[in-house]
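What follows is a set of structures to go through.
Okay, so chain A shows up in both of these, paired with chain B first and chain C after.
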Partner chain A sequence: MPPPTPLSPPELSYLYASLSLSPPIRLDLRTPTQFRPIVAECSFLPHCNGSARVCMSEAGECIVGIKAEVEKDATTKYVTVIEREKWIEVSVEVAGGGASGAGSGVGIGGISGAGGATGRDEGDGGAAVWLKEGLLAGGAGGWSILDRLVISSGWHWKLYIDVLLLTPTSHPSPLLLSTAVNMALDSTYLPKLTSPHDVDDIPTFSDDWAISVPLYEPTTFPRPPMSLPVVAVGDNVFLDPSVAEVATAEAGLVVTLSLSDSEGSCDIVGVRSMEVGRGGGKEGDRKGINRKLLRQMVNACVKEAGGVIKGLGETTHKQMFRA
Partner chain B sequence: MPIQIIAPAPFVTADDEEEDEGGVRLDLDNDGDIAMEGDMPSHRRTGREAGGIVTPGEIVTQDPQWMRGHGTYLSQPSFLTGGHQSIVSSLAGTISKTNKLLSIRALKFRYVPEIGDLVVGRILEVQTKRWRVDIAAPHSATLLLSSINLPGGILRKRTSTDELQIRTFFSEGDLLVAEVQTLSNDGQASLHTRSLKYGKLRNGVFMTIDAGMVRRMKSHVLTMNTSNGGGEVDIYLGVNGYIYIAKHTTPLTESGGPEGKSVSITRLEEEASEAIYSNVNEEISPETRAEIARIACVIGALAKNGVKVDEEMVHLGYEAALEEFLQGMEWGGDGEAGKRVVEAALAKRREG
Partner chain C sequence: MAARAPDRRRNNPPSHGTTPPVFLSSSSEAVKPKQPSRPADDVRKIFLRTGLISSVTGSSFLEIAPLKLSVSVLGPRPLPRTSSTPFAAQAILTTEVKFAPFASTVRRGYIRDSSERDLGSRLYQALVGAIRRELYPKSRIEVVVTILDSEDEGDDVNTVYIEEGKTTVETKFWDSGRAERALGVVLAGCITAASAALADAGIEMFDLVSGGVATAFVDEVNSKGKGKGDAVSNKLYVRDPAIAPPEGKTPLATCVLGYMAARDEISELWISGKIGTKNGTAEMDELVDEAIAAARSARGVLNEAAKERVQFIVDKTAPAPPSKGESTDIEMSG
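Entry: the complex of A and B
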């Protein structure tokens, strides 16, 4: 791969002009809300409770493995929020050392606040923090993934979500990571508890995987969260922007959503701003983002996310437990 | 559905028994006898036919009758190989043999510059008297200040003023089309743009494909007539796999025409050189932009489907894409669209 270079001024202005036309012309002839095809598979890693592999044309390839471990609650009576948040551990690594090693935190696609370990005592900043945030955000009616991790009184599952980027680029798309984590979570199965729920003793489990319990019930909602990058150029809004489109954009958001019913409607669980380029103009010439555009960007995500998450879920379930 | 999710291609195990058409087994000795069954683990077999795939460090053959060529080396005789010297692959690629010479053709390789190649490059760094240019080669190329067209006369000597203004010609990130002028001992290329054909690129889009996917042609600058009111489009097919597709602009030397005769030669050159380093695009119509995007998609699809890109294929591919477009094809979200276009283009070529 050639080293990342900034786009030249003529390129930027060409792209900016093409993308702000009505209707816009994307370089790969996509419609504004169309995603690039991805290659995805799940449940392929042995020794993992759930796993997924996702390849994208530009962002490269990503493998996620999820392992669950039985752990005793740290405090017997009052489990604090901070304690509970430690039940899920996310780590993002770049294969071959790359730009940043384990623990130093991989900054993802310029999501602001996800650039390093700041103000968090986990010491694992960047993408890991951002991914975990989406997971913990929960759903309607106070639903939380953490409740599903409770085994019995005094015991819980500890989830280790390990993300490995195989082809490091300077800007791993947030979509790549979130798709892979979404699929892996959706394919995660935990052994079925055979001992009673309300006993403090060490829990026992069935060793039959055929009756194991899915982490996210396939028929209930919410489904695992998913983050969609969206950028705005002029008055147009684009989903799944390419690297060049991000560089041209005037505003960018990463919207985290989870599916709330079978109709495909979504709940917004988080919005983060994404660092974008110069917006076709000169440095420091960038326009502000008004409320209408902001609403348009989030709405575009909400509208399309249902189809995307459902599509991913269907693919996941089709590949599940295959021979 | 707004997203297309493709299951990965199933893992195909190479079939040991199948003889490829034209595949020559290297295990055969001169009499045509097949080598002993036990002398090599059977999984090793697959790669060792001409045309088969080998990986770095894989023993290609131990037969002393073969000579080693590119992409191979001779291993030290060891007890593992039974005291024989063997030819080992140093690349991941296919075996090719010419008489008794064995060489490995790499599956994927970087561009190796050669003198006279037309390349598209991007400025990486501005130095005092030269630029460092990324041309997808193992070493970045250099472009000397003295080997570009300087404003005010096509062939004047460079001065210290030019050195101070070096960023007004090219600065970091700029795209240019150039020719490889010289090569140093380690294969580093030195470029030149001393012709009005070469220079800064604007009015279009940049894309990259594998270096090996561009067929070497007489001319690497194509001008295509596009449909749907797109007008003429220039395609700079860099030999290094960097491609620039832009709206056609008449070279400034020809722009005069009959009424432009009054402009003196020196004046013309001055105008040319001032415009040559401009960073401002011309007015480009949406129709042209759509056709440029379509051509970019065609070239990308050709390269992705393993068809070498040349003038003929670009034309045929573009025609095929237009036909598909008339039938209402949505290129962007259809993963198979590129493949269909390439197949249609290949069919057209067979028909002649």
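Entry: the complex of A and C
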């Protein structure tokens, strides 16, 4: 079920009418591709390899801590295959555990396990699934974050990405989670290896954090991925939709992008449909996305998001402890 | 519990189980010839039947080569009348996808894991728009999918080739996107079968949703070389991809979608992998078009399966008029 909103059918209908105008009028008078301001900081948890805290006006607040542990390569399932996907573990937790009740963090942004009543019991496992998927998918065909986690032959880093949502009663947008994870990954440092690369022995590391190695080299590409929600009302496409806009929208997508060069152009690393309220439209209007609208929605993300992601990256680099 | 501690007096087997190695008779022999693969734009044959489970409103069974799954649709049935139940102007749809414990190489537990829950919400997304939920207020429709058999990692890992004189086996990594392809084929099957089951249950829908998968592959050399432009030119799109990638190819992106052919609308979209944006969304469009083509071919099978119920109703109602004419008396005996 879509995130419950306190909006009545007439209110939704009014919103629908105003959002499907040309040009559309959003509730907060933003332009269709304008993002809301966020408060973000990183590298503030002393016990973590990387951390970030992001605050959004409506979606609430969340903290991400990334910890890395040294682990020996292990084969699961088969003797001959190392399942590298297990090297990264993502978990999304709602503070206080009080994730029950309507409008709680359960069913984040409508794209996690929001499958009606069965979705109620499952916490935020769904969010963890798509966050990890975006992280790994960026590696398809070439560069992969998993290559960065290799320490020496037989050893690797195991990365724990723990997301803590501090505002259980609000409706966290996928943007909140992915912005926070993006910043945390961007500010993650791993201790420098002092033992040789090609030896099977237990690796040793330098305890000097001044020479530690960034997980994502600040000047290289691709950068950590970022997921942007985008919704469509009528022929209009809106980036960073508010809760009311999601409730009104007819179609929604979460587009995961990663910056591919310094100009601010992005590669698509994932697209997922997002659950929306379909609150305002007439019956039988639009039941899915046609190809033209799909193109329009993804294009809006690709064109407008580059600058936002780039800006976020620059802010992160300014705040990092080794900046 | 003491039982938890490893038993040092015995030679313990690995906890995860192993598959027995298969030895080649001689190392000089050529490695197993690859099976002739089907053309890239061909989908596997689909077996789809409805109405196999009599105790539920609608059901279907789908088989695509190794994948076997059954779908039951329960309802629409009234929501429980408790004070905590919110008013529902539209039917509430719930979806559940569960792998049987024996459906994959590694045993799965009875509690749904995160990938199963994710599949469930993907399936929900695919179906929710297609059902005319406003016709069933204050009620619930449940779609339960049980996967009985699935294509797992494929034979290439179950068979270990050990050359004579060699004592160790080289470990290898999964290629990325393997899990996406495996889950994508399962999800597409779930969507197609669930539509058939909903049609079998007689639930009103705007259109049937069929599932389609396509994967874009590039040459292995291309992906390793840093060149960004050249990889674009020779992409291989495979509809309904097998788990093992084609020889010498490495996967780039996989697209799974639920497609309503009569309305030309995508109800569920899931793309995973890297897609360049040099030419805008052209690369994504190509991939989506391939997946839609796969969904269109599944639609043909789906139509036939949905027809079964119509035929059944026609057959049942057709003999009724002549029987009316024969005798107007109705025996009222118990």
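In this section, the second predicted complex is superposed on the first by the 274 of 323 C-alpha atoms of A that agree within 3 Å, B and C clash if a C-alpha of one lies under 4 Å from a C-alpha of the other, contacts with A are read in each partner's own complex, and residues count from 1 in each chain.
The rule is simple: contacts are C-beta pairs under 8 Å (C-beta built on N, C-alpha and C of every residue); 3 or more make two chains touch, one makes a residue touch a chain.
Remember, it's a predicted structure, so these values are computed and weren't measured experimentally.
Contacts of A:Ser212 after superposition: neither chain B nor chain C is touched. Residue contacts after overlaying the shared chain place A:Glu85 against chain C, while chain B stays out of touching range. With both structures placed on the common chain, the touch criterion links A:Asp267 to chain C but leaves chain B unconnected. Of the two partner chains placed by the overlay, only chain C lies in contact with A:Ala137; chain B stays clear of it.
In the superposition on chain A, contact of A:Ser195 is made with neither chain B nor chain C. Between chain B and chain C, the partner in contact with more residues of chain A is C.
Once the two complexes are overlaid on the shared chain, A:Arg291 sits against chain C while remaining clear of chain B. When the two complexes are overlaid on their common chain A, residue A:Ser152 makes contact with neither chain B nor chain C.
Put simply, chain A uses no single residue to touch chain B in one complex and chain C in the other.
Across the complex, chain C is touched by residues 1, 73, 75-85, 102, 111-119, 122, 125-126, 128-130, 133, 136-142, 144, 146, 253, 260, 265-273, 275, 278, 283-284, 286-291, 294-295, 298-299, 302 of chain A.
Those residues of chain C lying in contact with chain A across their complex are 16, 18-19, 86, 92-96, 105-106, 112, 114-115, 117-118, 120-121, 123-125, 128-130, 134, 140, 153, 157-158, 160, 169-174, 176-177, 179-180, 206-207, 218, 223-224, 226, 228, 231, 250-253, 258-260, 263-277, 280-281, 284-285, 288-289, 292. Residues of chain A touching chain B in their complex: 2-3, 5-11, 13-15, 17-18, 21, 25-31, 33-35, 37-41, 53, 55, 239, 304, 307-308, 310-312, 315, 319.
If you check the complex, the residues on chain B that touch chain A are 1-8, 122-124, 134, 136, 172-175, 200-208, 279-281, 284, 286, 289-290, 293-294, 296-297, 300, 330-333, 335.
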